[in-house]
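In the part that follows, the structures are each spelled out as structure tokens.
Look for subunit A in each of the two complexes below; its partner is subunit B in the first and subunit C in the second.
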Partner chain A sequence: MRGQAYTLEGVLAAIVVVTATVYGLSAVDTGPFQTGAEQRTAELDARAADLLSLAAETGALQNATRCYSVGAPTLNGNQTGSSTEFERMLNYTFDRQGDEYNIYLSYWDRDANDRTTVLVSQAANQNAADNPADAAVATETVTLTDDMPTRIGDCSGTGPTLSVVGDYFAPDARPDSIVYNVVEVRLVVW
Partner chain B sequence: MVARDRGQLLLIGGVAIAIVVFSTILFAHSLAVTDGITTTGSAQSIERLADREASVNRDLERLAAETRGDDLDGYEGRYRHALSNYTGTYNRVVGSRDGTYLNATLNETASLGTEVNQSGSSRFTRPGGTGSNVDWTVASDVRRVVVFNLTVKDIPGSGTPFTLVVEGDGGGTWTLEVTETTPGAVKHVTVNGGPSACADTGDAEVDVLDGTCSIGGPTGSTGTFTTFTSTLDAPYTVRIEKGNRVRGSYRFAAIGDFPGTSYDAGDTAPYPVVPAVDTTYDTPSASYNRTVFVEVNST
Partner chain C sequence: MDTRAQTPQDFAVGVSVLLVTIIGVLAFVQGSAIAVYESPDVQRSQPIADRAATYLIENHTVEGTRNHLVYNTTGGINASLTADTAELDGLKANAGLLVATERRANPRVNVTIINASTLYDGERVPAVDDGDTLAWGPDATDRQNVARATRVVKLTDTDQCDPVCWLVVRVW
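For the complex of A and B:
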């Protein structure tokens, strides 16, 4: 009988410990251990992905893509009165927080038969800062069609369609189709 | 421990078991509402994949709208060709960097929509079925219409008007009449008993969805009228009255029921009012297979 009593006492003690653990776990936010730098990268990662996702959904990213090279030589938010909605979003989300970033556009170059990438956040590659190893990276795609008009005049006006404009950065990847090209926008933030 | 303590021990044991059961239930409930346990890495992969899926769906909608345009003939072929070029370019640009693979093909069988195209008959008659050959139902429970064009060449006989009747969800009706007193005389197109939207001699071309009509070609009479989509709520029932009076043709594509009393097998054909696209998206970390129903809006 004494052994039975000890068993019960042990069970009760275990219940108390398990219950305390369950309540304790529900009171704190558990997760894998992260250093400060990792936490900052994760936070930048989420902000960058959300910005691109929102810009794609509202059409701001497509407008900016159609503007680059014909209406604006660069796409970034580090200037007062940025001309496109996408650049304003960059300004609010990163420039004002002191974050740095590079933006790259990749497209299919039919003549070279290869994927080509251009840096669009700076006028020249040598002006761009190197991406640190722990930078956050987010990507989004923009599909362009032949009949989409370009954006000209500092991106505020509508220009000729992509299929007829001559100095657009990306060539027509599919001349026999309404698909003009698929552009991947890559945002690297640190 | 003496025998009289046995009852106390059993009581404590019962309470302990009750606590264990009760705690287990509460704990299990808290697990159920979280709907599973996952690592933060896989959660991010799933979230990114959801963004990709939304992006691909937007592209499918845009391509569907641009390939449809105003030209309905050969739409399926054009859309299939656009999808092929889109996925090919996408895979070259995105897949060559991170191993992503996208495939999107039009699934005509799963697409929603039916078309009636009476173009080869000199008589504007009920295509088939067993119902009245004078008045018949074109379609009922119509939730969306993308094509509705009429061409009335002439109305031989007693001058009885040809009437198109659309009944809305609330029971309200919209009517379009084409009249011609004698063969070769002036035709009139009127809606809901109002004034003539068009009046002239010659063939009457009516775009029921756009609310436009023209009679007698480019130099003839043109006009506009109130459409049934702007005055009635779906689902609609579309009927033709005194159809046997008319020589001409019509084309109607919609999502709805096309009754057997008006059609025989082969009188209707599938038309992708809402195209279904079989989509496969594979990344090294996550993938999805889905049949996407593409809502086609005008660009």
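For the complex of A and C:
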């Protein structure tokens, strides 16, 4: 009789523990924990991709690419010195919202026989902040041809064509063809 | 008379009380004290917000362009959202927002356009154009657990978007 009571007690206690555990697990979310940072990165991803799409769409991105190094030493939204349409878009979309970013231009370097990437949002590499691991990245490609004019004088004026000008950052990838270079613009936001 | 205190009857009553208490606590406390991290509501609503924003952009862009929205003419975003009901039922039906895998979601959706000068000030109030406030659907102010999708766009036929506007979709 006593043995039976102990067994029953044990079974009931086990039921209580198991029930509480099962109920507790279904009441709270035990899935992988999504932090606010991931949510934010997803939002920045959409904004970065949209901004580059829109800039490529309106020609602002191509203008800024033709201006970098001949008309403006840097491309960013700080609104000091040059302020191209692309830089104003950056200023409104990221700088004014408290987001940081780096912009890189990658072009074909014929001498090195490889692509070369330059950081264009800061005057010197030492000034650039390191991107955190969860930064959002967007890219867009700009094709430049030999007869496109460069942009000079804070990007407002039209300069000599790309094939003629000497101090443009990217060399002519194929001197025997109309294509000057294909530049990939990479925007890293965090 | 046996002097033992813990008879099976006592035990059964005690267990019942304990079980009811545990279930009661878990059922009522859930959502306030346990929910220390982001609500699963936001994770469930996020894809809905993304889908709504993508639908709006894909269906109102100028033919052959990206992120360039037709604004005030026929087939424009203003016309189609203004013609919709107060709860934006047409948008929800067309963009397929009423579909959910586990349970039927009934999301509430707010669409807002923020103009360039407001973005410059770092604010989030909707743009006003010709007396029209460019916000559609129920007001999201003071709502908890709102999922948000932000897209960068330009609107045609208006000078509000120099250089950019934002299209913000909030879902809760």
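FYI, the second predicted complex is superposed on the first by the 153 of 190 C-alpha atoms of A that agree within 3 Å, B and C clash if a C-alpha of one lies under 4 Å from a C-alpha of the other, contacts with A are read in each partner's own complex, and residues count from 1 in each chain.
Operating definition for what follows: a contact is a pair of C-beta atoms (placed from the backbone, for glycine too) under 8 Å apart; a residue touches a chain by one contact, two chains touch by 3 or more.
Bear in mind that the values here come from a model prediction, so they are computed numbers and not experimental data.
Participant: Thinking of the overlay built on chain A, is A:Q39 touched by subunit B (first), by subunit C (second), by both, or by neither?
Facilitator: It touches subunit C, and subunit B stays clear.
Participant: Between subunit B and subunit C, whom does A:Q97 touch in the aligned arrangement: first, second, both, or neither?
Facilitator: second
Participant: Looking at the overlay, does A:R88 come into contact with subunit B only (first), subunit C only (second), both, or neither?
Facilitator: Second partner only, subunit C.
Participant: Mind working out whether A:G24 is in touch with subunit B, subunit C, both or neither, as first, second, both or neither?
Facilitator: It touches subunit C, and subunit B stays clear.
Participant: In the overlay, answer first, second, both or neither for which of subunit B and subunit C A:V118 touches.
Facilitator: Neither subunit B nor subunit C is touched by A:V118.
Participant: Looking at A:A5 after the superposition, I want to know if it touches subunit B, subunit C, both of them or none. Which is it: first, second, both, neither?
Facilitator: both
Participant: Report for A:L51: first if it touches subunit B alone, second if subunit C alone, otherwise both or neither.
Facilitator: In the superposition, A:L51 contacts subunit C only.
Participant: Just which bits of subunit A does subunit B share with subunit C as contact spots?
Facilitator: Comparing the two interfaces on subunit A, one with subunit B and one with subunit C, the shared residues are 5, 8, 12, 19, 31, 53, 56-57.
Participant: Help me check something: in the complex, which residues belonging to subunit C touch subunit A?
Facilitator: 8, 11-12, 15, 18-19, 22-23, 26-27, 30, 34, 37-38, 40, 42-43, 46, 50, 53, 65-68, 116, 119-122, 148-154, 163-164, 166
Participant: Provide the residue numbers of subunit B that touch subunit A in the complex, in ascending order.
Facilitator: 1, 5-6, 9, 12-13, 16, 19-20, 23, 27, 30, 39-40, 44, 47-48, 51, 54-55, 58-59, 62-63, 66-67, 78, 81-82, 85-86, 88-90, 92-94, 96-97, 299
Participant: Which positions of subunit A touch subunit C when the two form their complex?
Facilitator: That would be residues 5, 8-9, 12-13, 16, 19-20, 23-24, 27-29, 31, 33-36, 39, 42-43, 46-47, 50-51, 53-54, 56-58, 60, 85, 88-89, 92-93, 96-98 of subunit A.
Participant: Spell out the residues on subunit A that touch subunit B in their complex, using ranges where they run on.
Facilitator: Counting only subunit A, the residues touching subunit B are 1-2, 4-5, 8, 11-12, 15, 18-19, 22, 26, 31-32, 45, 49, 53, 56-57, 106-108, 115, 139-141, 143, 145, 147, 173-174, 176-179, 181-184.
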